[in-house]
Each structure stands twice: as structure tokens, then as C-alpha cells.
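Order of writing sets the chain letters: A, B, C, D and E. Residues in each chain are counted from 1.
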Amino acid sequence: MSTDPHLWLRHKARVSPYEVAFWIAALIVPYVLLPKYLALASQIAIMATFCISLDLILGYAGIISLGHAAFFGIGAYAAGILSARGWGEPLSGLLFAAVVAGLAGWIIGFMIVRVQHLALLMITLGLSFLAVEVANTFDGLTGGADGLLGIDTWKLFGIWKFSIWGHTSYAYALGVSFLIFLLCRRLVHSPFGLTLEAIRENPQRTTAIGVANRRHLQWVFTLSSSIAGIAGAMLAQTTKTVSLESLGFQNSAEIAVMLILGGTGRLYGAIVGTIIFMVARDQLSGMNPKYWYFWIGILLMMVVLFMPRGILGAMQRLAAKMSRS
Amino acid sequence: MSQLLAVMFDGVAFGMLLFLISVGLSVTLGMMNFTNLAHGAFAMVGGYVTFALASLAGWPFLATLPVAFLATMAIAAVFERLLFRYIYETGELNQVLFTIGFVFTASATAAYVFGTVHQSVDMPAVLTGFIELGEIKLPSYRLFLVAIALVITVGVVYGLEHTRFGAMVRASVDNQKVARGLGLNVNRIFALTFALGSGLAGLGGALAIEVLGLDPSFGFHILVLVLIVVALGGLGSVWGSFVAALCLGVFDVGGKYFVPELGSFLIYLFMVALLFFRPQGLFGKR
Amino acid sequence: MAEPLLSLRGVSAGYAESVVLNDINLDISEGSGLAVLGRNGVGKSTLIETVMGFTRLVSGSIHWRGRDITRLKPHQRAAQGIGWIPQERCVFPTLTVEENLNVVARPGSLTAARVYEIFPRLAERRQNRGSQLSGGEQQMLAIGRTLMTNPSLLLLDEPLEGLAPIVIEELGQSIAHMSGDEGMTLVLVEQHAELALEMTREAVIIERGRIVHRAPAAELRADHDTLDRYIGLNLGE
Amino acid sequence: QKTVKIGVTNVYSGQFADPGAQLDAGIKLYMQLHGDTVAGAKIQIIRRDVGGIAPPVAKRLAEELVVRERVDILAGNLLTPNALAVAGVSKDAEKFTVVMNAATPIITTKSPYMVRTSLTTSQLNHHFGEWVAKQGVKNVYTMVTNYGPGTSSGKSFEDAFKKKGGKVVGADKTPVVNPDFSPFVQRVAEAKPEALYVWVPGGTQPPALGKALAERGVTPANTKIFGQGELTDDAALEAMGKVALGIITAYHYNVHRDTPLNTRFVKAYRAANNGRDPDIYSIGGYDGMHLIYEVLKKTGGNTSGKAMIEAAKGMSWESPRGMMSIDPRTRDVVQTVWIREVKMKDGKPANIIIDHIDNAKDPDL
Amino acid sequence: MNALETRKLDKSFGNLVVAQDISLALPAGARHALIGPNGAGKTTLINLITGALKPDAGEIFLGGHEISGLPGNARAKRGLGRTFQINTLFVSLTPLESVALAVCERLAVTGKWLASLARRRDAIDEAFDLLSRLGLAKDCTKPTRDLPYGQQRLLEIALALAGRPSVLLLDEPAAGVPTSESTALFDAIAALPEAISVLFIEHDMNIVFTFASRITVLVQGRVLTEGPPDEIARSPEVRAVYLGGAKHG
């Protein structure tokens, strides 16, 4: 076994050929092989981005949240309202959403970093319910329960229209997701990323070596909220809809399910989980619109029983086994 | 004055309903530390047992209640042996995923068997209407809920929490490996506790039909409420859940009465504020 | 010779992917005491955990009073009379001292009162939760808790760590009393070879998962060369 | 033979599964009674589950129905936010689209190819408000669910009522998820208003509210109670018992209305659905299919959005609910608003029609 | 000026007094042992000094500056290093990562989220050196939870040393480390730069009397006595409450 520490660490952070292949496939497969699935593909890319934002705080920093959709929704409303009020340029809309959601995350962060475990879970959940109620109350701004009306997304770079064929949407969603993924990938292999994992493992010890736990946690929470906001904004822009439910519990719970399904703390788990969940739902509910969730339930239970570290965890184990034998 | 009393009583009664639907969870999640989002599914099972017996087979409502408890317990015991026991040690995230999957499946099954329609059951005459105490009218069914809740609290708190068995459950949760190594039959302890908690869930579900109705999404429906109760009560303390449910009921009903504009915010505001200052809940042991 | 209380025959065991113990053969007769010595990480705890049934047994078998217990679950082994004190104490943090003791109690001469006699400190802290004890108190509780199961065989994995000298002395006497007068059998894993050898009659030394030396305790105590070689005790100084 | 594909985006799972199932049963029944061929084309339904209020999903499913399944017509649309999302697709893809339930007025303005066969909230409540004022009621306390349909119904009612000289003496909004109405009812009981107007969504809430009203003694005996039809559906009536006598509601469909067409419809519906009665969702789906069939007959099977919407405009027919038509200008539903009072019939409380407002349109469109 | 000083620290849990009027002074370069019966309040004292617990009264000075009001991590940043009596490690990280993290924190780069850890050669080299010195190099890329207990104890110390503290608080560092290696361990500690002050808790009297230049005896939250080793060893009081028979004399 090699104990050259540099080699080992570099090996851990290297770009594997599988990764390259994955992203090339993500670009090519929908356009070339499955053009009729572009709408689904763009929503998968968007939700995967959202899922990655949750992985940052849950998988790496250990902040369990059942209310992350609040930030997704805030981003969606930010971009949506901006557009409904007359500024439909998508990229600046994203930026605006990122700032608004990030700011919200930073403020909520003061609270989040002070609690753990079940209390954390319930506080995040409670906050997201409150977010829904606030949005419902300010229906002049948000459109209330009917959803926000009048979103109009301008052409991307002034050239490509967001049409129902989904070509632009997918390129846009994939491009933004990829950039965000790169950013997160850098983050998790940085000293900051390692610190987050250490805080998750043992906050007592990180304090003893001088780490300001709360500052780090609040920062990653802010960043993660901002990314969730970007994902929400993308969904608002590509579907031209925003509703209260985007902020709500079900959305939060679903994204958590996708993350755990794929496997936490490895970024690709978020992506794989999202793909599998959304494709399974699309296919199953297409086949059986009334009882499809029976099979989703079976899928979730099977994954826990047979792949306790998520689908990606199981794949890694398998790959490790094969490479050894 | 009498109005205030009536509102207070409503709050207490609502709190007791909350307690009844969550007491099972304060056993499985609170005592066993098993993140059991399937609690609502077992509550739904109990609800449908009562519905099937009362509305389809014509049993009197009261007679269905013990059956709802026992049948749910039996079903839970079977699933525990088949499935749940494998995930006690897999971490809370896996438990979340698994139990959500279970609720999905249970809910689809219920929709298939009983249809999506909202079901209700006929109440016996003694439980409809109200009892008049001076100027206040106390609805009979609510009085009944309060009474049952008190019985269950006493039973569970003294039968489970402060006994050696209760300590065994907590010991097994604290450290399964060591508990086994010291001779505790952790599997059996967990199976029993899980079945008991689920049975209580079933009973709660049966009792809740009258107020909340029953349909295949019942399991998701009550989830948030019951989680709030258990979190506020504190893990490991059934008594805590009782107090939390009571406070929540009174606070929520009273709040809606005095400041109805905040109606839908109240429960969440209360929870967020309380947990922020007391993260372990009112009587949390973990 | 009488049937051994516990015997390990050709035992190889380990964890998920690694095999730590190799072909261990060991007989422990009733009423005796065995010291298990060795450096860090040679597999002493693994040996104890294998007796309890926590590791993955690759080959070999384990017998208790002549019966094959290889397939028994840990709690069944404990019920047979094997008492285990884990190395990392692991008291139940949410239980009070009293509950920690009573929760595993089995009938026998060792009762909570007796444990409080051995460790008066615990009696004072009776209502404290496990998590609110000092390190040494946790160690006492871990020992006391296992005694409450009234075992015939006591597996002690570095039990003296973190105890004040005066407590060690008293505990040593109590253990000597139990193994002498009450016929309890001891397996003692210790870093403090000297102490361990005082409390036991026989000793084995483990090195990389194998038993590399066995001798009567008294003999080994005098055999500074062997101790030096395997454990690195410079007793000569 | 040509097939005409109808893509139905509906809700089949979750909290709204039941109304979704009823709507779907309406669609099925129509096809069962009228065959699956029309104008020489075979009708094929492709169902998609939105799973709840989820406009992004509704929109994607509608897009996929158009792009992947190449449907000719979009239908279903149980919930307003979903219907609004589908409207965008309807407009872009130029597909004839039928809103079979969602009731917020503006929906049909969002796509020129959209028609509605259910109701609009203001259609019922505006006319109801005027009617109540006309009965000489002077002041009313309102209590509505705090979300879109509730608040907009309440507002239509209040506006019309106030315009006719009535006064609103109190207004409460109840949370959407509301297991306990008692504090709100207690407030009403103390205010002792002349009349109470309530709006709650169908399902578990009407019986719960009914019980709370009965328990607090807020009954027509001392307070006139008005509401939209859900309030006195059969389950709620059963829960309230005799105390419901005298509650007055406005609705566009009455299961127990005694006309040959309705009787036949109800009988067939029960036969097909385990004895279950049809409700407003069923009738929305049923009439939606009727409209599609008639339009196809008129266009001779031409499914272009333009041809179909032109054919639909002004179409009128007798439905089990009564006479109804499609307003040629707004493409929205025009129908009779029935005013019903709970009275004893065959020894049981039932909704008995006491008045009606014909050709009621949405006042705002 | 003392490297570390406490003045009249008080702390109780309910009615259990665990620290009362504790005033302690460590000059620069001190090798100071803290002994006392189980439950005397030794660990509590360390927790008070590091900020893991809040004292009911009293002050703490580090290098002459009051640190009583600072949070734990700020005290660590000012040069207060510690180990824990009961392993407090990052069990799913590797020793290499754990120590590298501690070094990074000292270099104030743990906030850098766009930099690559693998490129911090300085931190990695330093971490690896430290691990090698403590004999942990071989398994430093295994998850910590798979290491035997003794090695985990050594990692505790590595983590404390990585911060290059000016005052080092060791809570039974040698517990679970065999006598041979614990000697080596203390040799390593003894070999630390003169300027570093060490306060250590230890029940093994061989070690205490070999390495301590001064000893404080704590009993029931109070300082029973303080003095040089030979004086303590002779004290009949200390014998009665702590040392017991003549064994470790």
C-alpha cells in the first residue's frame, strides 16, 4: 500500500475517466438519443443542482434539513417576480435569485448553526412551512395559491428561445448545473470541504483545534441556499411557473429522498439519485398513473435493504471489488 | 369567561388528539430512536381496520378500537421481522428513505383496496352531541379523547418508560453492540417495542378518523403534526409528548381564537421558537 | 483434567474484509486466570470480541463447557455466563448509574449493593446519567455493570485504564476475591503487564494475530527477555 | 382509422387523488356511454399524474404529451396552478384544451385554445351574494379557507353582497390544513351575526366544519348559514344531521336533481363506480368529454386548435347539471346556479332546490 | 509571566461541586501533572480552561491575557492545545486528513473553499512528519475508526501537537498505550520546545514521577496540595486518598 500522503490525496481528488464519460453522456444522450425527453432531462438537471446543494450541507457538513425547498422556492420567486415585473433576462435572473436566496440562507443560518439533530430537522421543516405561509399571505407579490403569473423568459443570450421542445432549456440547465457542480467539486476537495466533514464528525474536536464551527457552517449554508436558489430560478425560468409548493415540505422531502437514494457526501450521489428517482417516477407514473408510487416505495425500500450507502455507494463497492479481483 | 373555558377545553381536546396520534411515534422514534416516518402508515392501518369493521362489517365503533390496536400491532410485528429490523442500525437517513418508501407503498395499497374516497365511521349515540356543564357545552367525543389519552399516558409512562423494560430499550438504543454483549436480546426488545408503538399508532389512527377523516394520504397528512409533538416533547419521553401535545393544542386553538390572522403560522412559530431555545425538547433524554 | 470452561479451536477471525486472528488455540479451565498481552493492534480486543461473537469467524470453533457455541448470538453467550467489559467502556449514556447496573442484572451473588461496595464512588453518583460521569467513574461502571450479570467467565479488556492507583488496588483485591473464593474465571487484557501477571495464573502473548508465547504468569513475570521482545517492556531499568 | 389522442393531466395520487379519481370517472363514463369513436376517429386517452399542486410537473407533462405522445387535445386540469401551467403549453403548441375542473376565473384568458366545462368561483359566489342580499339579509360574517379558491370565492361573494347594500360584520380565514375549526366557530358564535357565509374545500373539511358548527350551536335555527355546495355534500350532511336543516348553498350541480338525464347519469355512474355518487369533478370530466365529442363532430375530425376552438365557441347543450353553454367571447362556461336549502326528504336531510339563476356568467371576465 | 494561570475557578453541577477556588499557575516550560481520585474534577478543570465548560466564577489567563470570555476555538487559536480522555476523533476521516486539517487551521486556510487540499504541500508534509514521529505513518490513510485503540490514542496527541500550542493540556494521554510506547510518547512530549508548557492528567504514577516537575493533587474539586514529586510521593494525605499502598512509590 502506498503511504505517500501527496499521492494518496491527489488520487482522492483526481478526475476519473468515468466522470468525463458521464458528463459527455449527459450532453449527448438527451440531444441525440432521447430528444423527446428533453423537458424531463432539463428538470432532472435542475433538480440535480438542487440536490447537490443539499448534499453540501447534509452530506458534507451534516446539517440535516427538511426545509431546503424554502431556498429553492425563494430563488424561484426571486427570478419569477423579476421576470413578471419586466426583466426576463435569464442569466441576470439567476444571479439575482442566487443573491436573494443566499441572503435568506445567511440570515436563517444564524439560527441553523446553533441546533442539531431532531431539533434542526424540525426547525428547518417549520421554517419552510412558515415560508409557504408568508408567500401565501403576500399574494399580491407572489400570486398566492394560484401561482405566480406573467413570467416571461427572454431568449438566452438574446439568441435562443425557450420553446416547448426543450433544446434551449436543457442546454441552459445542463450548462449551469455543470458549472455549479465544478464549483462544488472544488469546494469538497478544499481545506474548507475537509473542515466541514470534520465538523460533521466531531464538532467538539474541531473546536479544540481552533475551528470556528459556526462560521464555517453558516458560510456553507449560505452557499448551499444560494445554489438551491439558482436551481429554483432555473425551474421558474424554464417552466415559466412558480407555485407555493416549490417552497414546501413535499419538495424538501423529495429532494432529500433523491439524495439519500443516490448516496450522501459524494456529489455524484445527488446526481445519480435525482436521475434514478425522476426517471423512475416518469416511467412508472406513465405506465400506471394511479398506483405508480407503490413501485417507488418498493424501490426506496429495496435500496435501503440492499444498498445502505445509496446507489452510488453500492456501485463504488462493486467497482472496488472488481478492481481487486 | 365561559367562552374562554370552552376555548381552553377545545385546546385541551385538540392537544389530546395530537397526543393520541403521536404517542406511538414517541415510542418508536422517541424511545427506540428509530426515525419512523412510517408511523402515519400504521396509523392509517388502524384507521382502516376500524373503518372496515365499523362501516363495512357493522361493528360498534368502540368494539373496533381494541382490534385496531391489536391488528396493527400484529401487522407491524410481521413487517418488523421481515423488514424493519434490518434498518435499525443503518442510520437515520436510511431510515427516512425506507420508511418513506413504506408509506408510499402502504398508501398505494390502501388506495387500491379502499379507493381514494374520504371515509368516515358512524359514532355511537353516546359519543355524539355534547354534555352541558353550566353554560359550557363539552362535546362528548372530545371528552372521550381526553379520557383515553389520560389512560394511555398512565399506561405507557408507567408501563414502559419507568420500568426495567424501558431501560432495556434505551440501553439497546444507546449501544446495541454492548447491550447484546451484556445479554440483552436486542432483537426481541426492539420487535416488542416497535409492535407496541405501531399498535398505539393504529389506535390513534382509529380515534382520529372522526376528526381528521381517513383516506390513503392519511399517513403523510399527520406526519408533520406528529413529528412536531414528539420533537417538542423530547426524545425518549412519552410524558414529554403528552405535555407538548397539550401545550400545542391549547396554544394553537387559543391562538386561532385570539389572533385568527396568524392561524396557520402559530403551530410552526411555536415549534421553531421552542426548539431554538430548548433543542432537546421539553423533557428530552437524548 | 476437567473439561475446559472455554476453548477456542483453530479460530481465525476478523472484520468485514480483514482477517486479524490466525489459528488461535486456547483452553481456559474453570477458576483460572489468563492474561492476554501484546502490543497495540495485535488483536487482543479482537480475540475477546470473537469469544463474544462480534467478529466474523473465518474458521475454527468455540466451545463453552464442552458445548459448541460458535453459532450462538452474543446475547446468548452472555446468558451462558460470559461477561464482557468492552475496552472503550461504553456505558449507556442516557441511563443513570443505577439503571446501567440493573438493566443487565441476572440473579446471583453479585448485586448492585455489592458493586457499590466495590466502587463507593458509584454509589455517590447513583442518579447521574452515564454521560455525566468522569472517565474513571465510567470505567468503574463498565466493570460493575458486567459484574451484575453474574458471569462465570469475565473478559476484561484493559479494565484498569484511567483508574486511580488506590482504586486499582482495591479492584485487584475484589477481583482476586471473586476469582479465588467465588470461582470466577478471568481473561485479562492489559497493557500493564506487571499488574496483569499479578492477577492471573497463566499468560499468553499475541503478536500479529497469533499466540506466540504461553507460560505460567509467575514464570513470565520473571522472563524479562520475552516480555522485552514482544511487548517492549524495559523492566530491567 | 384515425385516432384522436387526448392527453389528460390530472392528479391521481396524494392529497388530491380523490377529486382526480372522480374527474377521471366522469371521463370514463362518458366514453363508456358514447363509445370511443367519434367523427370516424378513435379516441385514445393518455393519462398523466401531476401528483398534486405542481405546475412545473404539469407543464412538463403537457409538453411531453405534445412532444412525445403527439396528442391532439389537452384535458383534465384539476387544479388551478397546474391548469395555468398547461395554458402556456396550450398556447404555444396551439392545442385545444379543456379545463375540466380548475375554477379560478383567469385561467381561460391564458390561452386562446382553452375552454372550461366546470365552473368559476366568482360565477357561483357573485350570483349567490346578490341572491342573499335580495333575500333581505343585511349583515354577514364570512369564514373562508386561506388560499386562492377560498379567498377569491369569499371576495366575489362579499363584493356582490356589499354592492346590494349588505354589510360584512366579520371575516376570518382558516388555515388550509385545518384539523380543528372550533376556535373559529367559537368566534362566530360570540359575534352572533345575522348570517354566516363559509367556504371550505371539499373532502374532510365540510363534515369537520359541520360538526364544529353543530357542537357550538351555530345552526340555521339562530344564524342563517350560506356556503358553496361542498358545505352540504352527503358526508357533511350525515355528520351534521338535523342541525343542518336550513343551510343554503349555491352549486352548479346537484346529484339528486330529478331530471331524466341526470337520473340516468347518476345511475350509470353508480353502476360503474361501486355505488359511489358523482360530484362536481365527475360532471366536469363528463361534460368536458361531451364538449370534445361534439366539437370533433362539428369539425369532422379536424383537431387543429383553431378549428376546434371555433367550433366550441357558443356551443350549448343539456347536461345532467342543466343547460350549459360556452361563452363565445370568453370561452368560459355559462350555466345555471342552483340555490339549495337543506330540508327533510324521505326522512333524511337533503339539498332541495329553492331557486336558480340561469345563464350565469362569470361577472369579471 | 505565567504561560497559563487560573484564578479562583468555581464550577458545580447542581449541588455537586467539581471545582472550587482553583488557582493554578504554569510557568513557561512547565511539566505539570494533575492527579487525584476518579471524579475529583480533573477533566472538568481542563474543560473549564479550554472553554468546553463555563465556570461559575473565576478567571483564566493565557500568556498574561485573560481568555475567560473567549469561545473554545479562539482559545485554541491562541495556543491552547488539548487531548481528550475519551477519544474524540474524526472516525471516518483518515489520520492524515485529520492532522492535515489541524495544520491547515493553524495556517488559517480552512476557510479557503476554492483552493485544493492536495496542493497544500506544506500542510501535508507537516502532518505526515508528525504522524511518522508518533509511529502512525503506516496506517495514516485508513479510516480512523479501523485503527486499534492504542493508535487512536496517539492520534489524539498528534491532533493536539499539530496546532503547535504554547500550552498543552493532556487528559490521560497514555491510557491505552502500552507502557513501552507511553514512555516513547512522553519522551516525545519532553522533547517539545522548552517554551511549551504541559499540564497532564495521568493515573500511572511511574509516568507522573518520571516526567512531572510539579504535581497538583485535586480532591473533590479542591486543590489538596501542590509540590515537587518527591514531596507529593511522601505525603501521607495523598497516599490515603489517592496512591494507596506502597506500590507506586
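Here, contacts are C-beta pairs under 8 Å (C-beta built on N, C-alpha and C of every residue); 3 or more make two chains touch, one makes a residue touch a chain.
The structure displayed is predicted, hence computed values, not measured ones.
Think of each touching pair as a link: the shortest run of links from chain B to chain E has 2 of them. Shared contact partners of chain A and chain E: not a single chain qualifies. The chains in contact with chain B and with chain D alike are A.
Most remote from chain C, judged by the distance between CA-atom centroids, is D.
Chain centres were defined as the mean of their Cα atoms; on that basis the chain farthest from chain E turns out to be D. With centres set at the average Cα position, the gap from chain A to chain B is 32 Å.
Averaging Cα coordinates per chain places chain C and chain E 28 Å apart.
Note: centroid distance chain B to chain C, computed from Cα atoms, is 44 Å. Here the CA centre of chain A is 50 Å from the CA centre of chain C.
The set of chain D residues that touch two or more partner chains comprises 13, 17, 21, 146, 176.
Along chain C, no residue makes contact with two or more other chains.
Counting partners per residue, chain B has 108, 111, 264 as the residues that reach two or more other chains. Chains touching one another, given as pairs, are A-B, A-D, A-E, B-C, B-D, C-E. For chain A in complex with chain E, the touching residues are 1-3, 5-6, 8-10, 12-13, 186-187, 189-195, 197-198, 201-202, 204-213, 215-216, 219, 223. Within the complex, the chain E residues that touch chain C are 13, 36-40, 42-44, 85-87, 146-151, 171-172, 175-181, 183, 203-205, 241-245, 247-248.
Those residues of chain C lying in contact with chain E across their complex are 15, 39-41, 45, 87-89, 121, 125, 132-140, 158, 161-170, 191-193, 231-234.
Listing the residues of chain C that touch chain B in their complex gives 52, 54, 73-75, 78-79, 83-84, 86, 90, 92-95, 99-100, 102-104, 106, 130, 145-146, 149. Touching chain B in their complex are the following residues of chain D: 13-15, 17-18, 20-21, 146, 172-180, 182-184, 186-187, 189-190, 203-204, 207-208, 215-217, 235, 238-239, 274, 276.
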